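By written order: A, B, C and D. Residues from 1 in each chain.
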Amino acid sequence: MGIKPLIVVNFKTYTEGMGENAVKMAKYCEEVSMDSGVNIIAVPQIPDVYRVACSVKIPVYSQHIDGVGAGSFTGHITADCMKSDGASGTLLNHSERRLLLADIESGIRSAKKSGLKAIVCTNNVAVTVAAATFAPEFVAIEPPELIGSGIPVSKADPDIVSGSVKAVKKIAPGVEVLCGAGISKGEDVAAALELGTVGVLLASGVVKAKDPKAALFDLVKSI
Amino acid sequence: MGIKPLIVVNFKTYTEGMGENAVKMAKYCEEVSMDSGVNIIAVPQIPDVYRVACSVKIPVYSQHIDGVGAGSFTGHITADCMKSDGASGTLLNHSERRLLLADIESGIRSAKKSGLKAIVCTNNVAVTVAAATFAPEFVAIEPPELIGSGIPVSKADPDIVSGSVKAVKKIAPGVEVLCGAGISKGEDVAAALELGTVGVLLASGVVKAKDPKAALFDLVKSI
Amino acid sequence: MGIKPLIVVNFKTYTEGMGENAVKMAKYCEEVSMDSGVNIIAVPQIPDVYRVACSVKIPVYSQHIDGVGAGSFTGHITADCMKSDGASGTLLNHSERRLLLADIESGIRSAKKSGLKAIVCTNNVAVTVAAATFAPEFVAIEPPELIGSGIPVSKADPDIVSGSVKAVKKIAPGVEVLCGAGISKGEDVAAALELGTVGVLLASGVVKAKDPKAALFDLVKSI
Amino acid sequence: MGIKPLIVVNFKTYTEGMGENAVKMAKYCEEVSMDSGVNIIAVPQIPDVYRVACSVKIPVYSQHIDGVGAGSFTGHITADCMKSDGASGTLLNHSERRLLLADIESGIRSAKKSGLKAIVCTNNVAVTVAAATFAPEFVAIEPPELIGSGIPVSKADPDIVSGSVKAVKKIAPGVEVLCGAGISKGEDVAAALELGTVGVLLASGVVKAKDPKAALFDLVKSI
């Protein structure tokens, strides 16, 4: 039957997804995932990963890692540490945390070595292709101008999504494409899958929703 | 009787102070602190703060925070989140994680608001004075060229330490001065206190020591 | 008779102030300065400084320098190089080019050594005070939210200007205060001087004006 | 007859290649280029590009550009400005001035639009491939640990050079490969060409040489 769709919920630094709330939000994700059979990944703030990973069975990802290892790197986030604290993957190069080219490469390399999956965020087709050459598990195309806009990328700019899927398939067929920016409803997810992605990355649509659980159920309903 | 000396142990991203090892290292710190009455602060990697803070009674500090609050700041470390995960303070502007001037100011401001103490690391007397104007609890002068050198700043460059103490006293008398770089022995701590600091910041001297607990006992013995 | 008011015109990367246009714009500044007796400083893009400095007699400043010297610093802008290309000063830490605390300190130090004057841009009173401790010739308070807004800081937030003047006078009486953000008219300059500054920093109000020379004459008319 | 070999001389921020010395150094490059028929590109500090480009007929490149255009980008270096000041190309992502992935892409895009050629510096084969997907004119592989070492990359790590050439040919056959790090002699250039590159990038080997002109003649002698 193939890979199940994937919904990645980024808690950003929203109060609604921080500390005790992070655990609660991740439990909503877990409940909807169990209930629907759709893969949902919780991405809490980095200091919350441990307590969240101890509390749920769905995958918990880090919002960022630095491409450095053990040593004199005070204040940096290592793949090894995230792994030992329960993360099973990480975002990299999110539009709110852009990285040097060399650090994306070393970040993906250290993620692989530690057994973390990597989702590299990108802003256009050309950058998506470049990121895909590093063979992360996922690239996530998110046009920055649509993030938080409420206008889903799948409607506002379907070509950037299908263009990314096509270009990645050609250069790195093992890399799956996600899309994000403006996603909040089940129809946005459906449209994203239509365009050839394996899922979506979203944040406020769930975390800032009045009823996050209902928002999650709405997201998965059309799958 | 006045303030007790303070020893700040930075675990950096050393394997010896990561994950389960972070908890173990923090327990050594706790034991020596209890035994000696000297204040010891454990500074594990950011993702380890929660599990360390749950395991020990001594203060646990973050290695870094970003000067941002709740919102669209994926991958950033907020004071509020560190606080809710058990930190009672934070390093800021460590030589391995230098910050923009504006972010040091907003970082200290958000630390205060969240109830975190701040130790701002600096590289020379002029920068120490500038940092002190923000009224953090501590500034820590660490000449970058001596970090990890094995040559204690208190011996190699006592003037930078006493100069910092004097200059800070004049401009911001409520701010305490620490020093770091090359500290590994009890005599280095004693020398640092002689020069007017209230304590030291160190890393490899404890965390990479063959016997970290013995290294800690040696540090406090002359106090 | 005391110091004359100072108007600093930042050409940013506007096309209207680039290449040949930079020379033309600087000549407008020169003409109005000669005519009015008001000091006007032209701040073109860094690659244009040489040709502008060869063409006018008013001071030409760099938009930025890095706090590094001779050596392996490809792509960096040194004070020595700017000086040898005709600059007589530099902006530092502009809101569009924020710097590390340590680099502001070393930048001011290298500017002094090379004989460049420094204007350090800041975003609030606390940061202004910290920057002033480095004793640059000028600090320029510019609330980021007002830059390019058309609402002059002298009207929108007079307290941040007078607060900066007062705080700087106390801690570093030799440092002069400028203000910027939203400045476009003679009355804004007059208001800025009333609040205790020695002048203003502006950009679009002149460079993007239909008639830059007229805009400059309007700025100086009430002085 | 095919493309002539290319020697790119990076003046870094060396005093020997700054200001008036930049013009002199570029004239040496020009003389040796004219005499030998080998293409030599001079890469002075950014503020020196205009005066150097006015003085020589060989191509003059910028050490860096930012991937931004006209607007509110104080202190940034735009492709348009470099072009109007006489540059015909630019380095991007030099190991001493690493860039965000997204900024490399937009930098190359703006270089093309302004008519500048781009040499993107990289640190390993994977990063070289990623950079090559953006279709700059050149990628330049320079293992950071060999820069300034005196040990030529063509000897110390020939596989990284030939591996880059092979991988780039496969993914972006229009992109030429240069190599750098430790290059100082004619035999290093010959070895680089043997490995499939079209030339070399070097700095101290020429600029810090006692006799730069002699060093340049030595570089081209075996071609």
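Heads up, the rule we're going with is that contacts are C-beta pairs under 8 Å (C-beta built on N, C-alpha and C of every residue); 3 or more make two chains touch, one makes a residue touch a chain.
Here the structure is a predicted model, which means the values were calculated and not measured.
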Practice problem: Please identify each chain that touches chain A as well as chain D. | Solution: none
Quiz item: Comparing centres built from CA atoms, which chain ends up most distant from chain D?
Solution: B
Quiz item: Once you find the CA centre of chain A and the CA centre of chain C, what distance in Å lies between them?
Solution: 42
Quiz item: Taking each chain's centre as the mean of its CA atoms, how far is chain B from chain C in angstrom?
Solution: 37
Self-check item: Euclidean distance of C-alpha centroids - chain A vs chain B, Å
Solution: 33
Self-check item: Sites on chain A at which at least two other chains make contact
Solution: none
Quiz item: Among line, ring, star, complete and other, which best matches the way these chains touch?
Solution: ring
Quiz prompt | Interfacial residue positions of chain D with respect to chain C in the complex | solution = 10, 12-15, 18-20, 45-51, 62-64, 68-78, 80-82, 84-85, 87, 91, 94-97, 147-148, 203-204
Quiz item: Of all residues in chain D, which touch chain A in the complex?
Solution: 93, 98-102, 104-105, 109, 122-124, 126-127, 129-131, 133-134, 171
